[in-house]
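Just below is one structure, and these are the notes that go with it.
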Amino acid sequence: MAINKVVANVEEATKDIKDGMTLMVGGFGLCGIPENSIAQLVKMGIKNLTCISNNAGVDDFGLGLLLKQKQIKKMISSYVGENDEFERQMLSGELEVDLIPQGSLAERCRAGGAGIPAFFTPAGYGTEIAAGKEVRVFNGKPHILESALEADFAIVKAWKGDTAGNLVYKYTALNFNHVMATAGKITIAEVEELVPVGTLDPRHIHTPGIFVQRIFQGKNYEKRIEQRTVRKRS
Amino acid sequence: MLDKTGIAKRIAQELRDGWYVNLGIGIPTLVANYVDKNITVEFQSENGILGMGPFPYEGEEDADLINAGKQTVTLLPGASIFDSSMSFSMIRGQHVQLTVLGAMEVSQNGDIANWKIPGKMVKGMGGAMDLVASAKNIIVAMMHTNKAGESKLLPECTLPLTGVACVTKVVTELAVMEIKDGAFHLLERAPGVTVEQIKNATAGKLVISGEVPEMKLD
Amino acid sequence: MAINKVVANVEEATKDIKDGMTLMVGGFGLCGIPENSIAQLVKMGIKNLTCISNNAGVDDFGLGLLLKQKQIKKMISSYVGENDEFERQMLSGELEVDLIPQGSLAERCRAGGAGIPAFFTPAGYGTEIAAGKEVRVFNGKPHILESALEADFAIVKAWKGDTAGNLVYKYTALNFNHVMATAGKITIAEVEELVPVGTLDPRHIHTPGIFVQRIFQGKNYEKRIEQRTVRKRS
Amino acid sequence: MLDKTGIAKRIAQELRDGWYVNLGIGIPTLVANYVDKNITVEFQSENGILGMGPFPYEGEEDADLINAGKQTVTLLPGASIFDSSMSFSMIRGQHVQLTVLGAMEVSQNGDIANWKIPGKMVKGMGGAMDLVASAKNIIVAMMHTNKAGESKLLPECTLPLTGVACVTKVVTELAVMEIKDGAFHLLERAPGVTVEQIKNATAGKLVISGEVPEMKLD
């Protein structure tokens, strides 16, 4: 049989997350975010968190909920645009912010999971992002050295997951969830549908269970849409 | 003089059959509406889509299917979905033939500034730094001057840079310019715009060779 | 509609492969190798090839067929064990061989496709593989700097592919095929089944079509098994 | 003294519930046959399998489903398939808890040589260098001496290295030894083998503390 990663609920999954820890939180905007786990972190009232997440949610949803309670000390993100409370805390100096090019953020998470401590990328060369970083020219083009990111916990959201921790994501909810799942010392996956092993096609698994330490059946997903754009039927 | 739609239409003329294209937020997004029916291009969205389609019909929005601007979108036949690291492998690895994005400033050297104004709230660069550092062909869509009437085409950028020596063309409400050899080379005038107007609105070095044709838009 | 990558046949797919080029050839052992393209390269008689491939085939199949015709000048591989002709050419000095740790080979191909010119890995530190390579310590552990690999052509074999070049592999035939597909200046995919766009689930595509320049319907797959191991029904 | 099966059985006792394990070719492969029924482990094969099962029944072999030794295998429920770069992400990223592999020489410092004999045909290191450079727990399964009767447990390896200071335990036909502080620490004797025999067969520094128990095999 496969290794069983199932925990009873969000409380058990997150029980040992502590003040001051570094968390990776999957999602892009509000798409594919671990809603249940974020709500539980709010409830637990853990403080001084460093959150690595592409975005910072909106005022009343996603990581915005943790920001409102001032539980986050530092955000490591690529874009944090839709959040007034974030802006207030950042401008007042309450919140540290480390902005990273989105591709470098993704690659640094992947590197963290893949045992690659550092790599060269052209992104950010010649900008303030490159300050203090090693520059090296390859094929006539300057690159900067970026380092791997790791986290005490990676918290991701998947569409379907099996008891062995294998994960499948729905459409663009894949985004940062997969790379972050690989980079947590402990990775927690909440899923819309927890299925028995043997249900998911071995060829179609996005995140193999080896990267996931805990999985639980999530509930009451709101799946809020940030920018509802539609066209008229002609 | 062009409106935003006009800029998008003109940029759409730059697309070539078989290209993969990444469109930024704002005017660049509009480019998708004006692709020549005789060519096939596929749109890449850096949050993880290739083969992105138009907005969904009302009632068919899926919270799990958005573009990099967080807008609900659809998939065209032949589309694929992938994670953020693979998405930027495509971008960094120069598999995307064209990137179109907005800017606050562009220099005659091809430097671009579009992510940060000192003293103002910084929202972040998103994928822009990866895109401009990687793509071989980068077209900037923007207004020629800012709200104060100052040129956005400069000898050197004054704002913090997004990337250096990377912009290949700029399309504004006034003109199409190619950037090479440390100068803006005027290729086309917008309908009704004079070379003089473009000169006056361009602070960076502007090279004008012979007669400058007026652009043709359908 | 999607961009059409279909070419009529193997002749058209490979027509501009020339003497002295560098080719990546997918597969692991004889599993998932581009049989049609290899046969065509033999027929074309192209010489002085540098082949990047995890293995070198066997005497009468896979890249062994190219070795037999002395079409390969240099092999870049991780394991070349099952091939007498290979051994003869290598020991006689006719064939150059560059042996690379398998994980570094995979990562170097991925890096080539992903615009990462170089990265640090612990693999090979303290061995002859590290000779002449930069060593740097991260988290107390020494790593060596490895560079990206690219190829004039990457030739891969998939199970199903659509006309837009999207590829799906069958089980472990995935192996090196995906990373190599991303790293060719021109990538040729031969498939067991060429299907219309819209047939493959967008969530289950292993190699997005953007990486593939030419795709064709292969034929007469032999799919030889190198080590047939079975158990008795009890 | 143990036969190959005995070595595999003894190594199987090192497995812990919930571990992912990579088994090399030869004796290590046999370990899979002797896993305690009360624990669950999953086997990783570096060509791209997690949850590898036993050989297929005759007639059910699939050329597209092999292990790193190119042998036809099966998948267990919960298995997953992935490409070579993700496979080595698992290995390099230390997600695999235990690697078991064969060796030609092991030094008292934990160095291992198992891929090359100067002057002989070199077949390549395959995934061995990545595995030994990455795994936290590396057990070597091998014979204590070579065919000439010379010890393979040495002060220093004489053959080209596969990895340095990485082997944690060695299990041979004679003994189980832990490697730490620059020495082989004798943990267990094989049934019927004396400490003297092990001493004589070990060229590297061997530390013996108190009574050395005989290993227990079912």
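The chains carry the letters A, B, C and D, assigned in the order they are written, with residues numbered from 1 in each.
By definition in this document, a contact is a pair of C-beta atoms (placed from the backbone, for glycine too) under 8 Å apart; a residue touches a chain by one contact, two chains touch by 3 or more.
What you are looking at is a predicted structure, and each value in this text was computed from that prediction instead of being measured.
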item	value
Those chains which touch chain C and also touch chain B	A
Pair exhibiting more inter-chain C-beta contacts, C-D or A-D	C-D
Rounded Å distance, chain A centre to chain C centre (Cα mean)	32
Rounded Å distance, chain B centre to chain D centre (Cα mean)	55
Whole-Å gap separating chain C and chain D, where each centre is the average of the chain's CA atoms	28
Centre-of-Cα separation between chain D and chain A, whole angstrom	36
Multi-chain contact sites of chain A, meaning residues that touch two or more partners	107, 110, 114-116, 121-122, 170-171, 174, 202-203
Residue list for chain B, restricted to those that touch at least two other chains	75, 81-82, 88, 91-92, 134
Chain pairs that touch, as defined at the top of this document	A-B, A-C, A-D, B-C, C-D
Complex contacts: residues of chain B adjacent to chain C	18, 20, 40-42, 44, 50-51, 75-82, 86, 88-96, 134
Chain B-touching residues of chain C, taken from the complex the two chains share	1-4, 110, 112-116, 162-164, 166, 182, 196-198, 202-203, 205, 208-211
Partner chain B, residues of chain A touching it in the complex	28-32, 54, 77-82, 87, 90-91, 97, 99, 101-107, 109-110, 121-129, 159, 170-179, 206, 223-233
Residues on chain D engaged by chain C in the complex (per definition of touch)	45-49, 54-73, 75, 81-85, 87-88, 91-92, 111, 121-130, 133-134, 160-165
In the complex with chain C, residue positions of chain A that touch it	107, 111, 114-122, 136, 138-139, 143, 147, 168-171, 174, 201-204
